[in-house]
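One chain, subunit A, links the two complexes that follow: it is found with subunit B in the first and with subunit C in the second.
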Partner chain A sequence: MTHQNAFFEALMTADMTPPDGLIGHSDGVSVGQRFNVYRNNVFHNLIEALQAAFPLIEKTLGAPGFQILAKDFIKAHLPSHPVLYRNGQALPDFLSDYAPLAHLGYLPDLARLELAISEVCDAPDHTPYPAQNLTGLTETDINELSLELAPSVRILGSPWPIYMLWAFLTDKGDAPDMKPQEVMVFRHEFSPIIRLLPPGGYAFLEAVKGGEPLGEAMTIAEASDAALSAETVQTIFNDVMQYALVKSVTMKGK
Partner chain B sequence: MTKSIHALSLAGAFALSISTVLTLPAEAAKKERCYGVSLKGQNDCKAGAGTTCAGSSKVDYQGDAWTYVDAGTCKKIKLPAQSDGMRRNGSLKPLSRDPA
Partner chain C sequence: MPYTDEVLARVCRHVDEVQTALGRQILVENPSTYLNYAESLMPEPAFLEAMAKQTGCGLLLDVNNIYVSCFNSGKNAEDYLEQFPHHYIGEIHLAGYAEDITSEGTLLIDNHGGPVQPPVWDLFHRLIEKTGHHPTLIEWDANIPDWDTLYAEVVKARQVMADAFQASGLEKAG
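Let's look at the complex of A and B:
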């Protein structure tokens, strides 16, 4: 074990002399130089995996800034999962405590959004519940209906303008106003879709995802956000139906 | 009393969203993958396990990167010519022009 520990320590420490006992080709390149190449490759690969998963964090910081962040992160969070994007799972929390970037308070939530986008791409398919089976329901039926949504559907709330940040960084919108925003992220066919949630939408969807019947979800959302409106509910239902995000339904007491 | 008003708007919103989706012509929703038309960093992704390739294309009109477009429109998309004057067209299959 001590050999492994020494090897590992040298791998993680820039310019550290490699442990004793390593042998290289006898072609004039020293073991130390070869070890540097190896160390560089290990970090380069892990940094590229983070770049692929967090392109907007990289765009915000610029490539050199991202390299520094990525190296610090990788040293603190070694790969733990064969699916590469999941090795960035701890990046949002890491950013919350990362003093050099503390002035960019929105970075952790931006990283959470990018993680959610990776997750929805990786989420299982579902067979949509046929919309025609949901016609002709009475008011009471609809109030008592619980919807199981597609496995890809995620909701994310932030004290930062998370949707405008995403839109700005992907060249779809202007510079953000500083206000809280909430989003829904899901997969349609092969593409992730990010939707801004109107006021009360997060609370409503959270209740729906928690299995509450629609009437109950509406009451819960009204209690938590006075700004919930009929338009909010309409917007959400429209997306849910247009993108066939209902997997199954259950009626209270049936 | 308040509750019944909300029940109405909830039920109305729900029913409206369903009738809207049921009256959409199926053709309108059809998309095809179109290669060689994505701007740099704006391609769509087939998202195999563990990949996040959406937005990963390195050059404009990269031949092996694609974007979903309305079915039947891919080959008609107007693109600027290549630097050697060769025409660029969208394709339903990956292209070798404009490599990453």
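Let's look at the complex of A and C:
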């Protein structure tokens, strides 16, 4: 084993004896204690990066609980990405299989939402499509439009009240009712925005993001969610136009 | 890292790779250390000098790291500073350290969490007296204080530089 591998293995394993060949000084501080400085430094920084990316998971668990989760996660998922928050990409799936927190079934989706918030903050800018170009179109024309949405737009569906959980934990709402919810997350200027989607909204936006013309997207969404209505589409559209989330528009067959 | 010829060759390959990718010179910083490898054959300043010579990289001298590493390994920080290849310095860092006092003894931890400590100011004075002016950065990125406290460190650094110039009779270089 190379020096590097031996050092790394011991670094990531609590209580493991440091590799041979290391020396301290005659002052009495043992090699083990000196080695712990490196170990603590690595874990401290990685845990801080996770705290910054998942503040609501930490708020839910409390700081000591989050420390335990973070250490277990880091040992199972050593950092692989130079952008620190991306090293938490596997946290939602990790939480799904994490027995000590299995009783908090909503945690994986809460982590997905926090990941989406980090991602939208990091998403590229776009030049919004000029809204005035869409005025005067007939309903048939509109049904044939495909919209390319802003690179920051993310959608998330959950069997849990994901929007109410977020609102509750950020002191914007009351304790959640237990029902499924869907959200759209995007960046407006420098701030992430989280919007509750009306029923059928997720299926509609998923089809739009997949390149379907608006008419087809409505048909697909109606088939998957009977609750989709013209008002649903209007509500979503208002957000999309208000926040200038359309990057480009193409008309079917052109 | 053990400071051996084999490790030197490997580090130089990596520095070359980075400089080639970036299309420019980089500065490599002396680390804070808490342990050393028994098999090291050369002192750290000699290793850094050989690396700079072979790759054309510059060196970033962190004065706090010198003090922390020397304290932790029972070496003399002034000797280290004497041995450091000054003509490769492109930038200087100053920072605070924390004392980790345990039943086994005391380690200094490079934590960037407080003001620059007196022995580090003394080394900085000595360095400027010897080498003249270099771009200097105060690193304070944990327990960040209010602006006035942070700015007082900058003022102090400028004062130490001015005093050191005066003591050396050197013209302000760079």
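In this text, the second predicted complex is superposed on the first by the 247 of 254 C-alpha atoms of A that agree within 3 Å, B and C clash if a C-alpha of one lies under 4 Å from a C-alpha of the other, contacts with A are read in each partner's own complex, and residues count from 1 in each chain.
As a convention for this text, a contact is a pair of C-beta atoms (placed from the backbone, for glycine too) under 8 Å apart; a residue touches a chain by one contact, two chains touch by 3 or more.
Remember, it's a predicted structure, so these values are computed and weren't measured experimentally.
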Item to check | Per-residue touch tally on subunit A - higher for subunit B or for subunit C | outcome: B
Checklist entry - After lining up the shared chain so the two structures overlap, which partner does A:Ser146 touch, if you call subunit B first and subunit C second: first, second, both or neither? => result neither
Next on the checklist: Which partner chains sit in contact with A:Val37 here, subunit B, subunit C, both or neither? Use first/second/both/neither.
Outcome noted: second
Checklist entry - Which partner does A:Leu134 contact after superposing on A: first (subunit B), second (subunit C), both, neither? => result first
Checklist entry - Regarding the shared-chain residue A:Ala230, is it in contact with subunit B (first), subunit C (second), both, or neither? => result first
Item to check | subunit A residues touching subunit C - in the complex, by the definition given at the top | outcome: 3, 18, 21-31, 33-35, 37-38
Next on the checklist: Using the touch definition from the top, list the residues of subunit B that touch subunit A in their complex.
Outcome noted: 3, 6-22, 24, 31, 41-42, 44-47, 49-56, 68
Next on the checklist: Taking the touch rule as given, give the residues of subunit C at its contact with subunit A in the complex, in rising order.
Outcome noted: 1-2, 34-39, 72-74, 100, 102, 104-107, 109
Item to check | Complex interface listing, subunit A residues touching subunit B | outcome: 52-53, 55, 82-85, 117-118, 121-122, 131-132, 134-135, 137-139, 142-143, 170-171, 187, 189-192, 214-215, 218-219, 222, 230, 233-234, 237-238, 240-242, 244
